[in-house]
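After this come two complexes, each holding subunit A, first together with subunit B and then together with subunit C.
Let's turn to the complex of A and B:
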């Protein structure tokens, strides 16, 4: 199959995906579980992909994702809360200090840039460290940031330890899909460029990469900043999804959760990250919910089913996945409709193949 | 007099109390193949690492085509504990990271092959082209650098053709037989457009046939790419075949230099390294 054909197929599938989403939203309603899960999952996909860019493609082990998300989320919230309600939101801080309002898209990008800027600053110091030490340093950074954002003295900007709210959220499920789609495309293009090859070289063998003329520090810093930029945008989207922002929710547990999804999807596979995000969020938020409700068969109460049991089952499932797919669901391979099409047509030439929806990311 | 390609001037490398390389000077002329030999632990690889920026020498300087590229002298504590024989200290301090040295035109291979194991042969060589490409992250992301990308790919393909590796271009580097991996590593080094090539035990683990092939190969690339070559080796047959001149290191000190014939007859070398004639 030639390249032109591939591009046409991809475009058709993406349009089909968006049309499908639009119709589904009309049919089941904006607040239905399916739409809520899809929104959260697609945001998680971006966040996990940004972790994967760092961990899977550059070999940098960072646990600071939550910190950069926090920066993105706060930046977005602060610059989009309408003037009219600022007095309400910042009721303990005289209506806040910042009286600039930006359009949603600009605030999102600004959130990414703020996260990238902080990544640049701390990257300058911590990227001299290797593996575990880098993880500890970035974890510390995220924790410090979380504390600083709840500090009273910054209340005019961050609203102290109170929540930020009343900023615009998603009008339609399409919005996060478009933003994440653009970000994922940018990341995929980066990975498959000359710079992506340099990242992978550093991941595989730092000494050899250096002998090939690749500046370790500069290249690592670059990967770190770019990954943080997307983490910042993801944080902004998460704020839009939750409709409130509170620093105390951006814990290291959140970073761990995202890292876990990256591992399940396969470290070094972007499409793996996307698939794992959707499965993880759907299972956690939706499919396993029934385990939390007491159930009766006739008058017999099914044992174990009560609030919190979901987490137990979910943990077991994750352990099983990690045991049987030690490289993650996708390993380092990438999922592609074209690849599947070629495989199927190669095996059974006569059968017509219907490309199934979902996961149009190339 | 011929032009000097690579010159080491009074290099001393000290790790704590151990002087791994002691006041070592040597010269590789343009177009020459020079071998560095010596027993294990004599400081050969350390000398390589001083040239390529992996280590900063304690004292001394490295010149590339008579331009000083690395220089250092001991100060403070290093001066107090300095254990080199020569007290003739270098004046400048020039410290460069390995990637800068590669950019200046010194490429190297490693004693234990360091390929990017899970990448294809083609990508292994293509990575080396990154350094000299005119592009930035944004143009690369938006594919505005497609001309550069095309050029990199074309040059990589040409290089693989010339080195007879093109038929393996889609193979994973780790799956190649040992001899080919060695050749791929040299090809990858050539892709950085070097003027001087450093080979760290290129014939290690090879049988006599493969060794003969390798020496042909090294001569060929030397002429094709206009290189000057410095190599570390243990196989004396190989060294005698290929080297124009030989330097012998023992316990970090230079004990002899000369043509292969001179070295083979040198009593100091025989005692320190070659051994009495019983397995020649």
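Let's turn to the complex of A and C:
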């Protein structure tokens, strides 16, 4: 299949996806479970992919995702709360200090840039550290950010430990899909570029990569900043989804959860991250809800079903994947229509080759 | 004349510094006492981190949650048995838990890349927290009062619990015993050898699995003692109770030089005291952040900590 054909097929599929989403939203209503799950899942997909960009493609173990999400979410919220309600939101801080209003898309990008800027500063300090120390240091920075954002003295900007609210959310399910789609495309292009190959070289062997002329520190910093940019945008989208922002919810537990989703999907596979995010969110918010409700068959109460059981089942599944299927769903493979097409046609080709008795192995 | 004057001034400024120091101690005494007490408790957790890291090069993220589980075990046991039975049983069950975690979550990954083991540790921590959430039903549990150590006492005008006085000597006794164990017994020698060179020890016929199990047993035993002291002060147990003390204990271990037991203890006391003085100064929001700021400082400026050995990576 040549390149032109691939591009045409991709465009057709993307248009079909968006048309499908648009029609589904019209049919089932904006507040239906399906649409809510889709919105959250696509945001998680971006966040998990941004973790995967670090962990899976650059070999940098970071647990600071929540901190960058926090930066993105706060930046978005601060710059989009309408002037009219600022007095209400910042009721303890005289209506806040920042009186600039940005359009939604600009505020999202600004959120990403703020996160990237902080990643740049933090990266300078922590990227010299090795695997587990790096994880702990990034986790530490996320916790420090969380404390700073709850600080009274910054209340005019961050509203202290109170929530930020009344900023615009999604009008349609298409919005997060478009934003995440653009971000994911950018990430995929990056991975397949020479930069992406440099990341992979570092992941596989730092010393060999350095010997091949890759500037370790610069490349790591670049990966860290880019990943954080997307984490910031994801944080902004999450704020749009939740309609409130509170610093105390961006815990290290959130980073862990996202990292574990990346593990389910396969560390080193972007499409794996997307699939795992959709499965995780759908199961967590929707399909496995019944595990939290006591159920009766006749008069017999099904044992174990009680509030919190869903999470236990999840953790067990995660442990099983971590211990026995370390590849996750996708390993390092990528799901692609072209790949499937080639596999189907390739099978035929292989048979032909065998029949003719030879040919070079690929 | 001049000399007398300068001597007098010097003396006066010395006096005023001393006085202000004394005043500082007097106003902050409750916080310093709380710091010493919580520092000792962090120390008991930190030993578990530092020993496991020393041997397996693994940050055992589940250790803080094991500490929390020890609290819950004690709570549930105290409902059915008197305290003198439930306390030793708590220690026994916690040790069993630590032992099981190692066998289930870390042993299968011994030859896998280090990040796999770390992810497994994160997953284990997630599992324990969720199990605790399920079992407690999301309600915080009140730790049972241990009669002797939860009694109130007054030291120089500051009221505190008996546990504050007991913690430091108890920690020192336990650490001394542990150091002796590591120095003079056969298993201790094996531990040192495994910490020094994993593969060579294996070749020399040391039973690695036994040594690692022993490390987890000691670590979780000390964590269970730590939980008895800690939850006497902070009596509400929720599933995330172990996360922060666990992280702080880990920071203490890094600060002291990971792998070094006296280092971990000293680091823990310093962190406990600083954190509480910061609370005393009215910066409660930053008491947790301080720990992490310290961690980052240590990692940047002296990565091997106070007492750690310098190590270089080999190709």
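To be clear about the criterion, the second predicted complex is superposed on the first by the 339 of 362 C-alpha atoms of A that agree within 3 Å, B and C clash if a C-alpha of one lies under 4 Å from a C-alpha of the other, contacts with A are read in each partner's own complex, and residues count from 1 in each chain.
One rule holds in what follows: a residue touches a chain if its C-beta (ideal position, glycine included) is under 8 Å from a C-beta of that chain, and two chains touch if they have at least 3 such contacts.
All values derive from a computational prediction rather than experimental measurement.
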item	value
Which superposed partner A:186 touches (first subunit B, second subunit C, both, neither)	first
Subunit A residues touched by each partner, larger count belonging to subunit B or subunit C	C
Partner chain(s) touched by A:286 [first = subunit B, second = subunit C, both, neither]	neither
First, second, both or neither for A:120, with subunit B first and subunit C second	neither
Touched partner set for A:18, first subunit B, second subunit C, both or neither	neither
Which of subunit B and subunit C A:207 touches, first, second, both or neither	both
Partner chain in contact with A:341 - subunit B first, subunit C second, else both or neither	neither
Footprint overlap on subunit A, comparing subunit B with subunit C	207
Partner subunit A, residues of subunit C touching it in the complex	57-59, 104-105, 108-109, 112, 114-116, 118-120, 122-127, 129-131, 133-134, 137-138, 240, 243, 247, 250-251, 254, 285-286, 288-289, 291-293, 295-296, 299-300, 303, 313, 315
Subunit A to subunit B touching residues, read off their complex	186, 189-190, 193-195, 197-198, 200-201, 204-205, 207-216, 222, 226, 332
Of subunit A, residues touching subunit C in the complex	55, 61, 125-126, 128-133, 135-137, 139-141, 143-144, 146-148, 150-152, 207, 252-253, 256-257, 259-260, 263, 306-309, 311-312, 314-316, 318-319, 322-323, 326
Residue numbers on subunit B that touch subunit A, as the complex places them	52, 54, 97-100, 102-103, 107-108, 110, 114-119, 123, 126-133, 135, 137, 140-143, 145, 148-149, 152, 188-189, 192
